[in-house]
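Here's a structure for you.
Letters A, B, C and D name the chains as they come in the text, with residue numbers starting at 1 for each one.
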Amino acid sequence: MKLHEYQSKQLFAQRGIPILKGKVASTAAEARDIAVELGGRAVIKAQVLVGGRGKAGGVKVAKDAQQAEEYAAQILAMNIKGLPVRKVLVDQAAEIKTEIYLGITNDRAAKCPVVIASMAGGVEIEQVAKESPEKVIREHVNPFLRLRDYQVRNVAAGIGLPHEHWKAFGEIAAALYQTYWDTDATLAEINPLVINGANQLLALDGKIVLDDNALFEHPDLAEMRDLDEEAAAETEARKYGLSYVKLDGEIGCMVNGAGLAMATMDIISHFGGTPANFLDVGGGASSEKVAAALRIILSDKNVKAVLFNIFGGITRCDEVARGILKALDEVPTGVPMVVRLVGTNEAEGRKLLAEAKMITATSLADAAQKAVAAAKNK
Amino acid sequence: MKLHEYQSKQLFAQRGIPILKGKVASTAAEARDIAVELGGRAVIKAQVLVGGRGKAGGVKVAKDAQQAEEYAAQILAMNIKGLPVRKVLVDQAAEIKTEIYLGITNDRAAKCPVVIASMAGGVEIEQVAKESPEKVIREHVNPFLRLRDYQVRNVAAGIGLPHEHWKAFGEIAAALYQTYWDTDATLAEINPLVINGANQLLALDGKIVLDDNALFEHPDLAEMRDLDEEAAAETEARKYGLSYVKLDGEIGCMVNGAGLAMATMDIISHFGGTPANFLDVGGGASSEKVAAALRIILSDKNVKAVLFNIFGGITRCDEVARGILKALDEVPTGVPMVVRLVGTNEAEGRKLLAEAKMITATSLADAAQKAVAAAKNK
Amino acid sequence: MSILVNKDTRVMVQGITGREGTFHATQMLAYGTKVVAGMTPGKGGEWACEGKVPVFDTCKSAVDSTGANCALIYVPARFAADAMFEAADAGVPLIVCITEGVPVQDMMRVRNYLDQKGAKLIGPNCPGLLTPDEAKVGIIPGYIARPGSVGIVARSGTLTYEVIYALTQSGMGQSTCVGIGGDPVKGLNFIDVLAMFEEDPQTDRIVMIGEIGGNDEEKAAEFIADHLTKPVVAFIAGQTAPPGKRMGHAGAIVEGGSGLASDKVKALEQARVKVAQYPEQIPGLLA
Amino acid sequence: MSILVNKDTRVMVQGITGREGTFHATQMLAYGTKVVAGMTPGKGGEWACEGKVPVFDTCKSAVDSTGANCALIYVPARFAADAMFEAADAGVPLIVCITEGVPVQDMMRVRNYLDQKGAKLIGPNCPGLLTPDEAKVGIIPGYIARPGSVGIVARSGTLTYEVIYALTQSGMGQSTCVGIGGDPVKGLNFIDVLAMFEEDPQTDRIVMIGEIGGNDEEKAAEFIADHLTKPVVAFIAGQTAPPGKRMGHAGAIVEGGSGLASDKVKALEQARVKVAQYPEQIPGLLA
């Protein structure tokens, strides 16, 4: 789960990382008021959960409150990578001498946290790593020892930060690690961490991505989720413990298992169709869950056919069949359905579905081809 | 540094370990008042920093406030193993069904904390371990993982605690570990942990020993030191960063290095004398420190001779010599002094002392024999 | 021969008295797996699976009493890390964790600790292990598999079943099926299992099922090129997955331009691994 | 030959710009020890010991630049644990910590971590190492020692000097003198060092200096009986120490009836080790 810049910076500030004064506005008038508070000159920044807002024109420096209002109005009218901008952060403007990158993330291969830093801040670190790998310093952290002061010094020395900034940098890095660890983040990033005109270090932008698996430990953070930023169907799916990602295609998919769900999308594409969604009903799916999943799939008006691909392990095919029948009772639909049931209790499942008018298939390839055909005929 | 029972139990209670109601009294009248508050019946327990107070008669159950006053008066008049009783703890009386031992200490050999438990509580655990080792369960704790719930279950299962008590026992063990770790204790012990008439677990007695090396991190705990419980000279020595232990003999010792200081005591004894103290002036001892050490040694009226045994490493012999001369200026004394200086800057040291009338020696055996002779002649 | 589990494997099931724990332990017994102990704190002394399996309060007592040498974990996510620590402390050399949703910071500590103890871990968020006709340790449906010579290693559970099913339909049996799980920080990885299959005399061909996220498949490709003599066929799920979105598995996400299916396919093809476009092509590519 | 340190040992001094650090680094240089680097955070780029030793900000940079293979620590107690972690992380295989007063809970974590890293630790609260005429790594006064064939291992610093001095006076030189320190949780212990002396061709006799507290001497006695062929002479300090009192060293305390000098002497004598009654008897017992 991604947090907005303003949310991330709040969490940073709570742990002592210096940030600029600023507030969030949902309207141009609010932005103007905040700019007045800040003394006129302000930076207006779109709050959307995608990267690249700078290039898209979502960040503008206003010289006074009047201009702040104008820019806020412009930005609040934008769509960035398909996402409408609903909020802007109005921040003090800072004089920037140096832009540093400082981030902490999980290193999957090393199986531990890694601190990543570079003096080439302000741009995407992946790009710096690709173009000038020598400019990027990595320090692995033992998850039991946690981040030690000497490791921060390794980082500071590695990026060539002048001694005079080590103390402030050390405090910020320690607080960033604390934020990362306390929130069960998979990424906590300050980019850029700037040295301003007064030679102080400030977190100008911030990004936190939380581990969805750990949200149960952090109800306060779970509440920070911005429901405006995701499809309503995704919000609905989460309520039922379903993994759902909306896509742009025509064939709705209900699959058990994440890998098989991806493979189902891929095979639809392979046979010339377009998947409308990723949906994993999970292991041991109950009929209620299956019914909810079907409602969610059908709530997408682009869906012209639905492909059920269930391979029973924990999930039992008869349970799934009952869920499908239940959902069809509740949500009458004309959309054609292709069903493939294999595995635990597959015979019972097939029997239950025998009466409903559904297209059946045994192989995955067969099922995908039938679904593609059904969607085209629709 | 040892804490009193009442101090240990306060620290336990702060972390949620159930203890009995009780208060500390310094006079019999206070004890009476506390007993009245507790409803009459009360246990009066001597607060002294040595074991074996029970056998010595330092714990008595009073049936009413009148008797509480009498017993408190008796106990406050006692000496236990040479230590006068200055305080008593007046506790509620409890009906005891079972006495459990539960302690956490540092296992030197395993280099980690160890939880020790036994259903044979209420007596010294060393004794149980010697007589019935099978009754004592040990669970080592990884210092990074800390005490896990399953380890507490291993302990509960190991001592054969009935299931119904596992939850309460688990909470107490977790809180005890927290106390142990938070305070940098070398021992945190509940003995006995009782099951009372209402089937509840209660810490009836408590003992905490703190790591002197870690006291700098715990100024609040350092303040709990009971200065009444140690020789005034030991308190004075601590101010100067000197390691001093008062003994009952006649030959004062000033030595650098703890091992050498012990060996010096031993050799005095070997040659028929008795050491008056252990004193390590430490590495790199300054002349101020040496002067303070000499004053402390001479403050013991039993001292009939002083043996200086300095082997220079970090400590420089000339610094020590200057300290001795300075101290002698400040504290004129007729006590004979035997000096042995070897090691870094030994020549300079000897030269400085040449003028003072001191008995010199080069070998340790020679020095010890001379000191023993000087004390006898005195 | 086979790898990791066989007919002599003695399994302790942690969380045996839970709904899924009981269901799958019963299925494992029916398959012939030696389920020698169950573990549920506070239920020590009871019996599970219709009186067939003794339940213990602690892993230590279960291992001491039954000689269990494999722990299978079905406990809820918030207790999973401790279950793994406990199994490792009890000296169990192979730990299989089915539980989904374990926080990744927990897993970083678990992996670190288990490595210190020398315990092997499979999972979490995995379907476990199956050596056909010998031992089923986890939730892979036993009836779809047949003994044979194809080793399977996969990040995805149901895709594993899909491949086993397709192989069995084509008359190709399996040596051992290993579901390593879909989490970003986990136990054994492709390389570890590939090395075991290379050493296993029963295995003569290998199927490897990867997916988007991380670069374990790229590393496996390198390892295959350098160390494997047996033929490998692969499949990578998630060609059509959008970037920045977690596709079910915690580890299945394309981030910062890395973890792409296309990069993995390319790396594997460079290592002369045949890559299937969909699972049912695999038997044909193996033949 | 010798053990642990010799003329090729390349020493990095952590805390070199402190008063004691500078003093002893200078003495080590004068003795001929290869002091190749100093480390003091924030002073990287400076030079210590009259321009003879480059100072670095981090152990990593010091090791990378100078190839230091031994870390010597003189930092205050509250920073000592981190200094050891840092040296180990920088890949230094031998760490010598002179610092006194390190909290024992810190040391439990340090030992655990250093064992994982495979780094050897001497100390803390120790005088360090001396291989006469080759390397002085710590604070043992060099001029009292002579090269020879007696290995010394001791918990106490000044008692080590005392023994070296007595041996040299009697014409017996030393192979290596090892002060393992007086803390309850520390690095190498008697057994580790005794095993090294047993393997070292230069060493033909061994002196072991113990003291009250713990039971390392008892374990050493058992080890000597089982594994040592070279003669060992021992001395145990603290025969007259009262129970329950810490005698200077954090580890020197008789508690709950264990750690008594008399038990240690008994165990050693049972292992046929000659035990001196005072240090100056040692040369006579060795002869």
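We take it that contacts are C-beta pairs under 8 Å (C-beta built on N, C-alpha and C of every residue); 3 or more make two chains touch, one makes a residue touch a chain.
Quantities reported herein were computed from a predicted structural model and do not represent experimental measurements.
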| item | value |
| --- | --- |
| Interface with more contacting C-beta pairs, comparing B-C to B-D | B-D |
| Remotest chain, chain C as reference, centres from CA atoms | B |
| Chain A and chain B: spacing of chain centres that average the CA atoms, whole Å | 57 |
| Centroid spacing, where centroids are CA-atom means, of chain B and chain D in whole angstrom | 27 |
| Whole-Å gap separating chain C and chain D, where each centre is the average of the chain's CA atoms | 48 |
| Multi-partner residues of chain D (each touching 2 or more other chains) | 109 |
| Junction residues of chain A, two or more chains touched | 142, 144-145 |
| Chain D residues touching chain B - in the complex, by the definition given at the top | 20, 24, 77-78, 100-109, 111-112, 127, 139-141, 144, 154-159, 161-162, 165, 182, 184-185, 209, 211-212, 214-216, 219, 235, 237-242, 244-252, 256-258, 277-280 |
| In the complex with chain D, residue positions of chain A that touch it | 142, 145, 148-151, 153-154, 156-157, 163, 166 |
| Of chain C, residues touching chain B in the complex | 41-42, 44, 57-61, 82, 85-86, 89, 109, 113 |
| For the chain B and chain D complex, residues of the former touching the latter | 50, 106, 108-109, 111-113, 124-126, 142-144, 181, 184, 186, 211-214, 216-217, 243, 245, 247, 255-263, 265-270, 275, 278, 280, 282-284, 311-314, 342-344, 363-365, 368 |
